[in-house]
Amino acid sequence: MERYRDIHKLMPSVRLKINRVGVKGVRKQLVRECNGKLEVLNVKINAYIDIPATLKGAHISRNLEAINEIIEESIKGKIHNLEDFCVELAKKLLEKHEYASNSEVTLAAEYPVNKKTPVTGFSTQQMYKIHVGAFVWKEDNEIKVRKQIGVEIEGLTVCPCAQELVKSHIREALLNMNLREDLVNTIIEIIPIASHLQRGKALLIVHVWEHEKVDFKDLIEIGESSFSSPIYDLLKRPDERQLILNAHRNPKFAEDVVRTMLKNFLEKYGGKLSDDTLLIAQQESYESVHGHNVYAERILTLRELKEEVNG
Amino acid sequence: MERYRDIHKLMPSVRLKINRVGVKGVRKQLVRECNGKLEVLNVKINAYIDIPATLKGAHISRNLEAINEIIEESIKGKIHNLEDFCVELAKKLLEKHEYASNSEVTLAAEYPVNKKTPVTGFSTQQMYKIHVGAFVWKEDNEIKVRKQIGVEIEGLTVCPCAQELVKSHIREALLNMNLREDLVNTIIEIIPIASHLQRGKALLIVHVWEHEKVDFKDLIEIGESSFSSPIYDLLKRPDERQLILNAHRNPKFAEDVVRTMLKNFLEKYGGKLSDDTLLIAQQESYESVHGHNVYAERILTLRELKEEVNG
Amino acid sequence: MERYRDIHKLMPSVRLKINRVGVKGVRKQLVRECNGKLEVLNVKINAYIDIPATLKGAHISRNLEAINEIIEESIKGKIHNLEDFCVELAKKLLEKHEYASNSEVTLAAEYPVNKKTPVTGFSTQQMYKIHVGAFVWKEDNEIKVRKQIGVEIEGLTVCPCAQELVKSHIREALLNMNLREDLVNTIIEIIPIASHLQRGKALLIVHVWEHEKVDFKDLIEIGESSFSSPIYDLLKRPDERQLILNAHRNPKFAEDVVRTMLKNFLEKYGGKLSDDTLLIAQQESYESVHGHNVYAERILTLRELKEEVNG
Amino acid sequence: MERYRDIHKLMPSVRLKINRVGVKGVRKQLVRECNGKLEVLNVKINAYIDIPATLKGAHISRNLEAINEIIEESIKGKIHNLEDFCVELAKKLLEKHEYASNSEVTLAAEYPVNKKTPVTGFSTQQMYKIHVGAFVWKEDNEIKVRKQIGVEIEGLTVCPCAQELVKSHIREALLNMNLREDLVNTIIEIIPIASHLQRGKALLIVHVWEHEKVDFKDLIEIGESSFSSPIYDLLKRPDERQLILNAHRNPKFAEDVVRTMLKNFLEKYGGKLSDDTLLIAQQESYESVHGHNVYAERILTLRELKEEVNG
């Protein structure tokens, strides 16, 4: 090919830095080794760098070259975690874009876990969404790396407020039958009290330093156990009945799910990570009695989490 | 502009008719007169025609011209229904594309209705989705017109099967308290029996001849009343409690919602429309105990509906 | 668990058949053997049956049991194609729902293919969407099976009409420079003529009998080669330039893409499949000069295709 | 209704503040007066507050009450801007949730503007997305208010880099015809040079203090004029040709669109707003030669914008 100007390197007519430039929604299949077993994952990748005010454009095709190269290394078994994949990719972006001072990679995937149903112990496969990433920047001639490990889990919430309203109705109805108050109380203790319930999703995201380890499977467990009940693709009848009984005995607002996730994370990882670990906990319920969703969110550092919960 | 060839009119290298060609997802704002009041609606329009095997391409910009012209007529108060808007547009498409033998227009909109909550009678605005359309074709030197009136409604379903499982549990638990069986039966009659419940959506679509009339507000009412309960944006506490009690006394499978919609449509419109009226009834529940949805559908003519229901 | 009524088996209050009832959007991971190599695919499954007018509800959990069982068989290497997975699943649904007369399974997946770029021959992975399915019904004491093989491909279209407008402008501009007409003609022959171009998607779907074979990779090739140009995740500069030159020399309306796909399918499969093979060919362009999309579609049998194309 | 406990007011088992809790995706229709004319808008609202560590749950139904009340005031003509609607709603949320220290409202709507096509001056309606919001908090016994005005615009980008590659090809081809170099240069000056082009979207969002004014129509104009070309629903042939010629003479990277938006905003609003005005400028191109999108973003204060641009 004959000579041509490299348009990207021109001085732009408006001299402004760009925070992020790159590719969004690149769909790829990754193969990674996990405990001696090959795992195959379909992922969606965003990969950005920054550029200085004096550069017209980023050489964006290098982002795809970098993605291809890291996929190759991944296949050769050199990368063991999705978040490490992001870290290696973000580092490579900084190498390839010599003018960039930071890079950012985020990656979404679906991951299957085999779960056993609560009563019959039937094994069924459930898919979870994984949201990992890496943020790499140059500081004092060093490369700094933060990585993200995050999961999105669906579960069931039973509304505690509506349940209380129904409970008062049942109490009144039973008292109107001239049942003794202590018998009424016992009945109300024993039976599940109806409420409104719904599927919802929770997001639990952790930002840590490169050397720190968070297993996304732990986050799935923490998130799933913070709902009124986990959900299952397949429920045999004894399972379905028990799930409904359990859920009604464990009503949760969206706020409760968020708080429980954070407390459970503190118990599992509080002693293992630095205080500047960043935590994002969100829950969104697809309200069954409304056309809109209910949403709760807390963003805080591990230090703040320790202080608020313990102090 | 100087002369150029009209590429559309060329003979295509592959001589095949095209069933549908046109524009998809054209977003516009319509103004229409409704009972002396101006209504403003944001709509999304698809507008297609067919072309013969001997024509390389349709003059698609004519579809946009047609849309613009009908919007103008609509503003002048000449069009009173969304489905008539589609009919006029589909007819105009046939005029503008002299080579076409049929045309099809579909249009989606959101429509607000004020609803009163069940107990406190509080008035709150609810948005519904409208799906209308027109199918126009030339037959025996005549223009034939079918029009579509359809609505999408969200509502609440309570699972009858899970409720039965919970009921048997409650019965056993109460009998274990050494309560008399007739007392147990009375209690079970009186209290709401917990189950799983969820938001879901229903679609009710009707295809009729041009001269026939179906009011989409009737379809909203038919659809909404076919769920275990309607849902509301705003519920004060007495409303929320009553809604939950009502819904638990009216459990519905997706199949039940579909059947009830069709039966209710038959009662309201059975005597007013031709037997070849086509009906599409669908319900999809966002299952609260699973990660997937449950779906039921029936497509039939009014004749079949009459025969099956009346025996 | 104590005794309870099987609510599904009750007589419904409205006696109407249900065409389709089942699960929608079940996300699973499949493992299948393909040429001695294990392939892992994340899929989204819909699985429906019909039920008679006398049955209140379908036992929908059986659909999940069936999915689980077929996934197990798939892992054991007994299923070699995604469409066979659907066929086996649809047959199993009919077995498990003894009251059903037909079943339907559709499945969507993403599939990676390594492609070489046009000039440098760089190998880059591209993901494609696969849409397969099975339709099984009882007829004359036999089980009839239709299966669906379908693909969705993104590619590039260059508008032939806009290109002609630009060509007439260039011709005029060059003639105004007092260049000789034959020189002007030669220049116009040689240079790529600007137009508007855009990414778009094509859908090519085939319905055949159980014993007939269609390879979805052939459909990907047929679909991709019907655009003005295929697209690539990664293009080095010589590739990008050549792609643009090639595309501008191969302008295509949406109608052209649809017709070319069908003609190419006819050439590849015309002699191998029955005349009642059903073909669905669609193309949708994300128009770069408009806010809406342009859409073209042809649905026909292989018999009709042969008759129209061969005259 | 008999007495019951207010569950929301209980002490939560995990004592953690919640940053945001409320409703997401509430769809409503607003009527507002604009220059003596009634405007009707369909909107989607999110409305959140924070709650202290000592409160189990927010009384979320109050958010819907607040929305209903502000809609009523809006109908009475008391609210003239979508962002003021958000401000009033956010203030009311703080009043109704006496335990909250801040509130946040965001609102999305579609807005029609009549545009004239570039050559024939044909008037055609185009829909734009509006993203407004309000952030209200208590500080030193005062209520502080930031408001957001933002727009999302679709437009056309022509790739400058690919155009340069094609230009070098054309130059070489013309030189190979033994044309003189100055003639070749003139031809290349005069004709539009092909490239790849595509639809894309830009987002321009501004955060200002309550008393400051930004007209979203100005943002639409700024955003739209920052692309290689605006797009239109309807283009007659002379319009389409001119649009393509103009766009090819104005190639833009995503980075260029972002920088141009910011520079144009500075020119229009630089002297009217405080230096702590926050600006978010994003552009995403639906690349026509790739399956993914290209994305560029700059977030900065007006002070930084002035310093960087003016040097």
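For this structure, a couple of remarks:
Going in written order, the chains are labelled A, B, C and D, and every chain counts its residues from 1.
The rule we apply is simple: a contact is a pair of C-beta atoms (placed from the backbone, for glycine too) under 8 Å apart; a residue touches a chain by one contact, two chains touch by 3 or more.
Model, not experiment: these values are computed from the prediction.
When each chain is reduced to the average of its Cα atoms, A sits farthest from subunit B.
The chain pair with the larger count of C-beta pairs in contact, out of A-D and B-D, is A-D.
Chain geometry summary: the mean Cα position of subunit C and that of subunit D are 35 Å apart.
Per-chain CA centroids place subunit B at a distance of 32 Å from subunit D. Centroids of subunit A and subunit D (each the mean of its C-alpha atoms) stand 27 Å apart. Counting partners per residue, subunit C has 1, 26-27, 127, 165, 169, 233, 235, 237, 240-241, 290-292 as the residues that reach two or more other chains.
Those residues of subunit B whose C-beta lies close enough to touch subunit D in the complex are 1, 26-29, 38-40, 42, 61, 64-65, 67-68, 71, 110, 112, 124-125, 127, 233-238, 240-241. Residues 1-5, 7-8, 12-27, 46, 48, 51, 53, 56-58, 60, 160-161, 164-165, 167-169, 171-172, 253-256, 258-260, 262-263, 284, 290-300, 305, 308-309, 311 of subunit C touch subunit B in their complex. Subunit A meets subunit B in the complex at residues 126-127, 154, 156, 162, 165-166, 169-170, 173-174, 177, 186-187, 190-199, 229, 231-233, 235, 237, 240-241, 243-245, 248, 286-292.
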